[in-house]
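Labels run A, B, C, D, E and F following the written order; every chain starts at residue 1.
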Amino acid sequence: MLELALQNLLSPMVLFFVLGVAAALARSDLSVPEQVAKLLALYLLMAIGFRGGVEVAHQGIDATMITTIAAGIGLSFAMPFLAYLILRATTRLDPVNAAAVAAHYGSISAVTFVAVTGMLGQLGIAWDGYMVAVAAAMETPAIVAALLIARGRSDGDAPGESRSTLLREVALNGSIVILLGAFAIGVATGDRGATMLKPFLVDAFAGVLCLFLLDMGLVAGRGLAQGRRHLSAPVAAFAIVMPLIGGTLAGALAFAIGLSVGSTAVLITLAASASYIAVPAAMRLALPQANPAIALTLSLGVTFPFNLLVGIPLYIALAGRIAS
Amino acid sequence: MLELALQNLLSPMVLFFVLGVAAALARSDLSVPEQVAKLLALYLLMAIGFRGGVEVAHQGIDATMITTIAAGIGLSFAMPFLAYLILRATTRLDPVNAAAVAAHYGSISAVTFVAVTGMLGQLGIAWDGYMVAVAAAMETPAIVAALLIARGRSDGDAPGESRSTLLREVALNGSIVILLGAFAIGVATGDRGATMLKPFLVDAFAGVLCLFLLDMGLVAGRGLAQGRRHLSAPVAAFAIVMPLIGGTLAGALAFAIGLSVGSTAVLITLAASASYIAVPAAMRLALPQANPAIALTLSLGVTFPFNLLVGIPLYIALAGRIAS
Amino acid sequence: MLELALQNLLSPMVLFFVLGVAAALARSDLSVPEQVAKLLALYLLMAIGFRGGVEVAHQGIDATMITTIAAGIGLSFAMPFLAYLILRATTRLDPVNAAAVAAHYGSISAVTFVAVTGMLGQLGIAWDGYMVAVAAAMETPAIVAALLIARGRSDGDAPGESRSTLLREVALNGSIVILLGAFAIGVATGDRGATMLKPFLVDAFAGVLCLFLLDMGLVAGRGLAQGRRHLSAPVAAFAIVMPLIGGTLAGALAFAIGLSVGSTAVLITLAASASYIAVPAAMRLALPQANPAIALTLSLGVTFPFNLLVGIPLYIALAGRIAS
Amino acid sequence: MQTYPKKRIEIIAEAPLLRRLTARLDEAGVGGWSVVPILAGHGHGGDWSAEGQIGTATQMVMLISIVDAARLDAVLDAVFGLVSGQIGFVTVADVAVVRPERF
Amino acid sequence: MQTYPKKRIEIIAEAPLLRRLTARLDEAGVGGWSVVPILAGHGHGGDWSAEGQIGTATQMVMLISIVDAARLDAVLDAVFGLVSGQIGFVTVADVAVVRPERF
Amino acid sequence: MQTYPKKRIEIIAEAPLLRRLTARLDEAGVGGWSVVPILAGHGHGGDWSAEGQIGTATQMVMLISIVDAARLDAVLDAVFGLVSGQIGFVTVADVAVVRPERF
């Protein structure tokens, strides 16, 4: 476990993230251009989706996949209620802000997903390709839950905003579409496709991930410097406690389903992660009164670094215990 | 032939294109940033030009190359007249719009060129490196032809617009310069250069092409949703018939010249493709009264998908008959 | 030597640069999007820094490294005084403009650094990884020197501009941070990291460098077309003479220290190069009265092409004599 | 050259709102609009920057629409209902155009 | 602070036209101009967006030039001849500047 | 809809100056500002373009800030001291806003 943590901390991926945070806090002008950051994210999601699909093309679809997807949906829907209760009990966040934050923690972070697979790859631990579908399935239910929580507590959606339009938009957001689309293409083309795309999608993956995590570090560092003032101690504590709670729940489910070590680690990490692409945008539309800086600072400034530096090795170690 | 078509349809490249179209039609916010799209295009043209050049460094230049370039120029110059006649006979497009569309179909699409070479590479069919020079040579003559057609039919060029300035600009447009420049560098550096650049320019090619075709799918899907209203049935039919006519002419010429299977397939595809980088910009300057949405919707929204999904396997099958 | 020069001139890297210059002078619209150019620079600095660090992880740190860094700092601090004297003696530049130009020539060009390592790699000549740290150390001292020179000669810094803020900003500029950060990560992760990142950071390097030099050629060509009018013959001559003087000084120091052939070539090239990222920005803040076009046209339009086409093979040949 | 007075509406709004905003403009019958990027900004909510961002939730964009004065109120009504609950604001300026029938 | 009135010309034009437009401005003797990107837009010709585009044929750009009122007509004449046959338009607004001799 | 007059300050300045400029604006007490990119330009110093540039030394950016007329002079003073020695300029225009308390 300690060795795992050390190996994680000394991985180039984590170090590039730390470099980014340090550069941002030192107010260096180092930056990754916006469109480049979007390219890196697109590439990583495409790569991870495709590889998952190729793996499923090998292994086939079985009942475990369906059960795991169902478990993921359940988790994503349930966690916001839990998060909301915790936030209301331990912090001073008002109902709307608490609901918005809860939505972020119920949903998943595609970037954390990419990071855990990078770490597993480095350790040579296999995970099931269908976890890509699980990740995609876990993105939206949390938003539905948050809307239920906030109903009546907010002074209404933005005028004219229809709930179904919103959910449709969230379900079709770019990161889900590329993840699932590449997954489907991986399933359809299998080994033939894999051979063709290996140099681009597989070999370069670790390097691109380093560059991307440098960027995430820069953005997280800047966000933290900016958003710190929005975070009281209890709110910041939530951003570390909630992943542990979500992760524990996910670990229990993974154990019940009988997932492999790798897949257990991925499911725990997904539950422990907090969204910062799809959900933030959805919350701006659904709960505009919520202050976006709170959830974003928590999710990218506290939870993501925590997961990257401490959480992921912990979840992998935990998965090792659970699944063996 | 059927097998070829199926293999084409199940290639990752085609599937990523389909994913893009589907995402655009579903109004997903998936998108490839503008500067990234330009990088992908730059990379693909650089790669294809360079590899063509290296191949010519091996094989040397012979009379066939000169003949094929001449044939390409002839095709590019002749096709707009044919296209114009067809458009005027079968559609309600006025002379200026018909001339503008005709210019697009006489010229070639660099992206379709990239796609056919990707497909040939996948099938392990070699093509002659000098086809790069043929492609470049086919870009401009169609514009000259269209200007001749439109002369007197339009109320004049934009004031002060000189024809020679315009043609100079078209001949020096970025896609031609990078294609021919990389070709020349490939010829000059040969195997030495090829070894150095292989991991970047060769190994990653298929993967980058997938990402690029995803983007083309997104743009084509959006263009189709937007531009549909400009397309009557006869106009849309033209966008499928004209490639077949152009391709047939090219096939006959390739047969007369005695090109290899791969090069025949490339020449047919070039003739069957319709420009959407160089010519659209040139038409905005030369024939500003023409509605740009018509030609662009046809070229990217109808002809490109048709060529990618149906045309290219057809042209390759045809080439197999012609050249053997 | 002649063979070396020829091999350099026929390398894809140099040819892509020449292609860029030619395209710009012909007023082609070929261009590399801004954010893409920034990605390429980021990638190259990350790659070169990381590889240097991995190499140091192998070889360990010794006294030579410290001595070489000290020599580099000394050179960077001394060269501006020399450059200033030459400029004032041979050109009509006023004190402020002369000081600004001197700062550019005392500092180093990260891009030229990348180019010389590319050329050495092509020739199979090793250089010491710690030269990355030397390069980073040589960026700032020249700015301090130029500020000392300009003191009293300019009508003051921009109001409220504090010297220490400025130097802090320069020392933390993005190109230094990524270079040194990646270097440190290379040192920390050593072979483990190197294996992981090789396909991305090592294999693709030459290809990305070609694309980047194409861009540099485009920018240099445009800059030359634009800035020519700012350059009198003596000023232009300075941009060729000064690199030779700086390079000679560096060669003498490298000989005294006893550097290897590769490291000698790198040190000479660094001294012979002129900044055009960090120093230009610093000069806009510290000496706003200086005309930025003069130094930039010299540095990117004259010195960089000179170094790339003629200087680097010369410096490598010189290093071969000195170090053996 | 003869010019005619029109109104230039400039809306600075959150990027996630863009589709809805332009739909409102279209409904209100404006002849056209253009979207201009914003790189960074500062306001009551602190600083933000587009640099390195992979999502759009924190970003602002600028919408510009030239409209006839007669239509101004309808447009402001349509837009204001949406923007008022969100981050952003609307400014209106007087401009002159050469081809008034265009707007 | 003492300010002086000038005119701010804003031209929204097709990207392929840019070089020719700026050449006209230069000929008309404006002291300077700046190009601002446009990401997307809507007009009589429908919607367009720069996203994912590899060519510039469908894109619009914004040109801004601050000029002295005395030069306004000359500039409008120069520009209008070019823009009128193409997609795009010109607006003029009153602005105040601090250093009038600059324009 | 009831609108209220405000001032729209538009600053075109060298990119390396941006941080210092926004710090001045903040000190002068403006409620907010936004940065708009410029792609290329022309002035007394010749042409420039952002294309392919890896540094920012040659680039210009546009800063926009809506302020109350009462604060205009203070803001212009703060900004002008910085911009006057550098490349760039400031323009001020009249605009109307719907929520005056915002600025």
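Going forward, a residue touches a chain if its C-beta (ideal position, glycine included) is under 8 Å from a C-beta of that chain, and two chains touch if they have at least 3 such contacts.
Keep in mind that this is a model prediction, so the values were computed, not measured.
Enquirer: Treat touching chains as neighbours and tell me the shortest step distance from subunit A to subunit B.
Expert: Step count on the best path from subunit A to subunit B: 1.
Enquirer: Name the chain whose C-alpha centroid is farthest from the C-alpha centroid of subunit E.
Expert: It is A whose centre lies farthest from that of subunit E.
Enquirer: How many angstrom lie between the centres of subunit D and subunit F, each centre taken as the mean Cα position?
Expert: Their C-alpha centroids are separated by 18 Å.
Enquirer: Averaging over Cα atoms per chain, report the distance between subunit B and subunit F in Å.
Expert: 44
Enquirer: Nearest whole angstrom, what separates the Cα centre of subunit A from the Cα centre of subunit F?
Expert: Going by mean C-alpha positions, subunit A sits 38 Å from subunit F.
Enquirer: So how far apart, in whole Å, are subunit A and subunit D when each is placed at the average of its C-alpha atoms?
Expert: From the centre of subunit A to the centre of subunit D is 33 Å.
Enquirer: Tell me, which residues of subunit A touch at least two other chains?
Expert: In subunit A, residues 31-36, 38-39, 199, 203-204 touch at least two other chains, as defined above.
Enquirer: Note the residues in subunit E that touch 2 or more other chains, in rising order.
Expert: Touching at least two other chains: 36-37, 93-94.
Enquirer: Among line, ring, star, complete and other, which one matches the pattern of chain touches?
Expert: It is other, because the touches fit no line, ring, star or complete pattern.
Enquirer: Hey, which chains are touching each other here?
Expert: Chain-chain contacts present: A-B, A-C, A-D, B-C, B-E, C-F, D-E, D-F, E-F.
Enquirer: Using the touch definition from the top, list the residues of subunit D that touch subunit A in their complex.
Expert: 14, 16-17, 20, 45-58, 81-82, 85-87
Enquirer: List the residues on subunit E that touch subunit D in their complex, please.
Expert: Touching subunit D: residues 10, 12, 36-44, 60, 62, 73, 76-77, 80, 84, 89-94 of subunit E.
Enquirer: Which residues of subunit B touch subunit C once you look at their complex with the stated criterion?
Expert: Residues of subunit B touching subunit C: 33-36, 38-39, 42-43, 46, 50, 169, 172-174, 177-178, 181-182, 184-185, 188-189, 192-193, 196-197, 199-201, 203-204.
Enquirer: Give every residue of subunit A touching subunit D within the complex, in rising order.
Expert: Residue positions touching the partner: 31-34, 37-38, 40-41, 111, 158-161, 215-216, 218-219, 222, 226-227, 229, 276-278, 280-285, 288-289, 291-293, 296.
Enquirer: If we count contacts the way the header does, which residues on subunit E are in touch with subunit F in the complex?
Expert: Contact set of subunit E toward subunit F: 1, 3, 6, 8, 22, 25-26, 31-37, 61, 66, 93-99, 102.
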